[in-house]
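Chain naming follows the written order as A, B, C and D, and within any one chain the residues start at number 1.
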Amino acid sequence: MRSLIPDYLAEALADVEADVSGEPAGYIPELAAADPDRLGAVFATLDGTIYGAGDIDTEFTIQSISKPFAYALALADRGFDAVLAKVGVEPSGEAFNEISLEDETGRPRNPMINAGAITTHSLVGSPDLDPARRVTRVVEGLSAFAGRPLSVDEAVCASEMEEAWRNLAIANMLRSHRILTEDPRAVVDGYVRQCSVLVTARDLGIMAATLANRGVNPLSGEQVVAEPVVRQVLSVMATCGMYDAAGDWATQVGIPAKSGVAGGLIGALPGQLGIATFSPRLDVHGNSVRGVSLFERFSSDAGMHVMAAPPSAPSVVRSHRAMGTGADAVRVIQLQGGIRFAGAERIVREVADQVFPETTVALDLTLVHSIDDVARRMILEVARRLTLDGHDVHLVDPDSILPDPDPGEGGRVTVTDALAGPISPGRTPARR
Amino acid sequence: MRSLIPDYLAEALADVEADVSGEPAGYIPELAAADPDRLGAVFATLDGTIYGAGDIDTEFTIQSISKPFAYALALADRGFDAVLAKVGVEPSGEAFNEISLEDETGRPRNPMINAGAITTHSLVGSPDLDPARRVTRVVEGLSAFAGRPLSVDEAVCASEMEEAWRNLAIANMLRSHRILTEDPRAVVDGYVRQCSVLVTARDLGIMAATLANRGVNPLSGEQVVAEPVVRQVLSVMATCGMYDAAGDWATQVGIPAKSGVAGGLIGALPGQLGIATFSPRLDVHGNSVRGVSLFERFSSDAGMHVMAAPPSAPSVVRSHRAMGTGADAVRVIQLQGGIRFAGAERIVREVADQVFPETTVALDLTLVHSIDDVARRMILEVARRLTLDGHDVHLVDPDSILPDPDPGEGGRVTVTDALAGPISPGRTPARR
Amino acid sequence: MRSLIPDYLAEALADVEADVSGEPAGYIPELAAADPDRLGAVFATLDGTIYGAGDIDTEFTIQSISKPFAYALALADRGFDAVLAKVGVEPSGEAFNEISLEDETGRPRNPMINAGAITTHSLVGSPDLDPARRVTRVVEGLSAFAGRPLSVDEAVCASEMEEAWRNLAIANMLRSHRILTEDPRAVVDGYVRQCSVLVTARDLGIMAATLANRGVNPLSGEQVVAEPVVRQVLSVMATCGMYDAAGDWATQVGIPAKSGVAGGLIGALPGQLGIATFSPRLDVHGNSVRGVSLFERFSSDAGMHVMAAPPSAPSVVRSHRAMGTGADAVRVIQLQGGIRFAGAERIVREVADQVFPETTVALDLTLVHSIDDVARRMILEVARRLTLDGHDVHLVDPDSILPDPDPGEGGRVTVTDALAGPISPGRTPARR
Amino acid sequence: MRSLIPDYLAEALADVEADVSGEPAGYIPELAAADPDRLGAVFATLDGTIYGAGDIDTEFTIQSISKPFAYALALADRGFDAVLAKVGVEPSGEAFNEISLEDETGRPRNPMINAGAITTHSLVGSPDLDPARRVTRVVEGLSAFAGRPLSVDEAVCASEMEEAWRNLAIANMLRSHRILTEDPRAVVDGYVRQCSVLVTARDLGIMAATLANRGVNPLSGEQVVAEPVVRQVLSVMATCGMYDAAGDWATQVGIPAKSGVAGGLIGALPGQLGIATFSPRLDVHGNSVRGVSLFERFSSDAGMHVMAAPPSAPSVVRSHRAMGTGADAVRVIQLQGGIRFAGAERIVREVADQVFPETTVALDLTLVHSIDDVARRMILEVARRLTLDGHDVHLVDPDSILPDPDPGEGGRVTVTDALAGPISPGRTPARR
């Protein structure tokens, strides 16, 4: 059977191909000379499968799509406090090249506008890096997101620097507010190099998938940045990624996204997918015309909106019964599926305010495939409380799906492989 | 066992209780007279369980928390186009009472600022409703979200009207732009009545849970508004709900939310939970001081951030084997869990570019608990393509988890209850 | 001989008549129905001569041209402090109907924008006037400027009120800031009546001439408002009178001016002339197209720019000589012309650091036609110092051009009609 | 007798000396180190007399006071159109260092804010000047205004360049809009040199007097720039010279003015006086605290407000009678004083619509001291019309106060020294 996803992508491209509105960015010759008809789209799954159609291996400069990734690197390298002290997270409702500094402090409103991105660039790496080594750190960081070594397009870079007046204006303004503390020209030079990194739609798909995959590159398996960093980056992309059309995008598409002036556009759907498109024709906001159309279609066709509730899972309590009789009687609660807060609440409700005659209460996790941290803590608290009520609590957990099963003060659980009995005495955790 | 969730809520309240910063809103005597020490919090699950601690049955006026619900009603009553023509969806980055109209059109930036909310009020119900009946429709609509009949606090309403200068200013400005087409005073009067509806934290919890539950009230089971309306409302809450601190909230809390000047605060976590808090002390943005603290804690403790990827589910392909031999050989692909786009893609990948010697290919859905629409369409397309490749395709679907199993042009599936054979000939769908 | 000024005006009108660009204001039927081809111009001298050409007796509504006069009335009735506390004097650089309130206080930027004009209207008369009597005061005040009883066009007034949404918005906003303390609708109603007062170009010429003439109506001789009020009004007209084109007007025309949406335009050249034009076709700023052209021409042809230095007067010291000999010798300094600070300085210089052998020093004012207050004080100080140096000081002042000739502490002057001797002993002022 | 003006100035300084509020500018060490107690004031008359009190010979840097003079040089060197194409004339209502560029074009709002002043600097001299020679031209131009060779404080200049981030930001922004077409750093460097020119209060007094004196330096007699340039500069100073307090200054002081951050402040009263003060303590607007107080006092004491009408002159028609009888009868109209438009109108009125039986009409200019251009043209037109009515027109003009006495088409005048007869046949002008 031929896979239907490439077909779907090909069909989507065919539908938008007729739209020849918009023009490639014209402010430097290298961008103006881009073939306006190039068109490609990529879906990158969290286990590293790439689906593509059209021009997915054509190289172009990453431009503003570098912004969320450099922001991730800065957060990782300097910590949240240091970065937030210099760059805000509020939507500006303004175009990408508005200065948008806060009145008193001169702090840029967010890292997606140029002022914030220039500042962010200066915050990558340790504070003592010289400009050249900081660029190296940025390029290596972007490469880690892409899963292959990326390089800078020197011709684009040189040409951009010749027309970088506005960015130099912004950097000098930031310098006057002490948001930048170095030579503004050197920072802009580094930032322009960051924007001139060459990528393909395939690379961008992987980079987006790394964000969707909690920071783990699906190809290399490398944890490029930590999960809280990814959450911060996605949040900022969701509110500030599409400039002055942020609200339209948030309602109609609903995928955290970022566009670049060379025609790239990425979206990351947390836990599901990385998406990238490439088409150099831009609309008045500087976003790729056909890229925006494709994302609208993907969101609509595939139900990818972050505000769409996932379909209901069945109750995590698959069954609840008493087994055996007398002293051997066991209260067995069989759980299933993935358990987050709402599922854990359901478990709590199953046992709260109940009096079980059986001494042993077994929580059977055999059919459970995942437990997040809050759910883990809630289940252990249930176990602790049942212990305090006089029960022996068993966790049937053959796949060790619940890590570190210590219920804490006064609690005690016996972990078993099956309902029959304990896996081994050693797995009864001691209170540490 | 005593449920731990009320304990958790009580503990959370105890922790924030010491914070006596901020003051109740003081612009009218009724609000200024609020007991500043009132404090309550509610978790409302999507199956209608209410967890509460503190003052969850104290009545107070809903104020701006009515805005997302009235927006939902307007979208439901007039349609998206009519509402979007008059109220935008862009974050304004400004305080709630800024006028924030678009330059040319006078269209308010979004429905969460007063200008947008006044306009939204005027768009509830059919265009020919008189002001009084429109208020009735609004109150009934809010009641449907709450699951009980709500009423207006006439004293607050009268007092608000006496100080409604700024809203009258906004309404007259909207009238001058033809965004409003009626008497501005009548619209403001209706809007003030909307804001004066009395609710409890318990009500707000249910209202939030209705949003989290795709528009279905967990108590009454009523589909109050359609799912696309809910998605739109949640998107706007996410970007515009917390006024000029929208970005802080989006990054730190990450729950679509809305606050009211009487001290209420709601959050809706799609597919998981409705949350409400009540504490009348306000910060400089007009948000409840302790409410904000509670939400920060809930988000952090319970991993409720919308940009946090859910924990990985196991592969939807549980097993894949050939059963039997010769003409009876069947290729069985056993699926499990909930299937959305990413899961369906995994199924596609399992069969794409493969040649199966067996004539019959069975997709066993027995352990699948949910399939969303895109996944359903993808599975059916897989079935269609396998048919075209010469296979007999069986769907083992004892619980009819996949509705309307028609693979379309050239495809054919046989639906069965078990691997053994078809459930009934009648369930083999014909091409319509 | 036929006067050339009407010819000049007629010729100027003929030159601009061909310009049919622009349209009458269209927001109410009464203004839209104005004959767009009406055209008139008036020069009103400070002694009450009216030169006119074209439609100078056609009535139209005064509209915004009422603003500087109502501002004058408010300053006169309430004092500078009370008015400045509620309305600023800063150019807003914005269109007439921008709200332009100061951030914190809500104080309108200046009295020429609508927000400031509405506030100004509320400040005319004593604070206890009811709205109707305040309108009476305003109409009577405008009539005093015009020198004839003016009346309100009730049809325009009623029509304006039907479309007064924006002004109602502004008034409610002002009410919310406590800049207005009354019912906003009543204030707007009064303001609209003020704007609906009927005038002719002839009336406007006299009104402008009253401003140019230090507040004295050239026809009636009435001091309508005091001179400091006029100075304030002219200053505000100079910086804020032409809205967002204030700087263009200040540089190119240089005459304090004010336009109205019904086609009127006035200019006041302090000490020289009042000018008015009438032509209903408006440009995009809402100023009369042909009125602006006429003023540009008048300024250029007649050297009327306030920043153009007047032609040099001859030295105020016409001659300086010693007359007679011995004890009868007199030092005579003959002065001439009008004396202000610069002229008085010249007198000071004539006598400073000199030692005159003559006992008597006579300052001969016979050819002096005016002395302003600073010059008067300087001349008396010269007299006082000469007295202290041992001189007898004579002022030869047959026309009593120098009032109250008391040189103060230690000084003494003898006022005479002619060089020969004292006019009368009685005119030697005693130290009071 | 001792001159009272130095006494007045000394007394004024003594009164403000007690005010030690404010601090010298602190952004560079050289300014921060200024002696905060320095205080001086200068009155410079249009015939070159300097009155001074206090520290009038202390050198300090001219800073922003260079702006109006550089603007004058740019207008003189490039013409109005070229300068207005790049720098507007609208008040910005903003602080001096706001960027304030027009939205579309990037044109600075006016030449008094830094963006406009940097652009203005780039427009001094011919377009092909290199930056160094442009600075030479600027310094020479400022020297011409001051009447002595000025020089640059190299230490201040170097220090300013080290902190010129904001000006570099502005210059790069201007470069991005093609308002500047050169290297932004070079332009800022030149502008900083312009601001670092050393002056004394005495110099500034002369510079201001040059503006007050139609561009003629009272000391050197040099016409530094043409009169229309001066009018433009004074107009812009009047509306934009005091930044965000422009309206306060225009109403309360009413003297076109400009301040500098080193403590200087100038005012030019057209046709009367140049004023300068020096006191380094600055208020929050960056204006000299004591300088502002002194100007308020000068304006109030000396009636120097540009919107104060000059005192009325006597009628320009001193007498009007018929002399002689029969064929020798002459109608004699004796004029006096300075004649501008309003005076000429009075003459017109004297003869218009009259029928004089005398053949000869004599306009006696003996007592007239000045006639401006419009008045000259009006008098000649009167003469022409009287000729056409059949009169012989004589101008009695012993001092040739009326230049080029050609009444044009059909007119004819005989110029005489005295009423008796023609000065010479040669002075009867022929029609050219």
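The rule is short, and it goes like this: a residue touches a chain if its C-beta (ideal position, glycine included) is under 8 Å from a C-beta of that chain, and two chains touch if they have at least 3 such contacts.
The shown structure was predicted, so the numbers you read here are calculated from the model rather than taken from an experiment.
Note on connectivity: the fewest chain-to-chain touch steps from subunit B to subunit D number 2. Common neighbours of subunit A and subunit B under the contact definition above are absent. The geometric centre of subunit B is 64 Å away from that of subunit C, both derived from CA atoms. Chain centres here are Cα averages; for subunit C and subunit D they lie 22 Å apart. If you average the CA atoms of subunit A and of subunit C, the two centres end up 68 Å from each other. Multi-chain contact residues of subunit D (touching two or more other chains): none found. Contact topology of the protein chains: cyclic, one closed ring where each chain has exactly two touching partners. Interface note: chains touch in the pairs A-B, A-D, B-C, C-D.
Residues 99, 165-166, 168-173, 175-176, 184 of subunit A are the ones that touch subunit D when the two sit in their complex.
Residues 1-5, 43, 45-47, 49, 51, 88-93, 109-110, 212-214, 227, 230-232, 234-236, 238-240, 244-248, 250-251, 254, 256, 270-273, 301-314, 337-338, 340-342, 345-346, 348-349, 351-354, 369-374, 378, 381-382, 385-386, 389 of subunit A are the ones that touch subunit B when the two sit in their complex.
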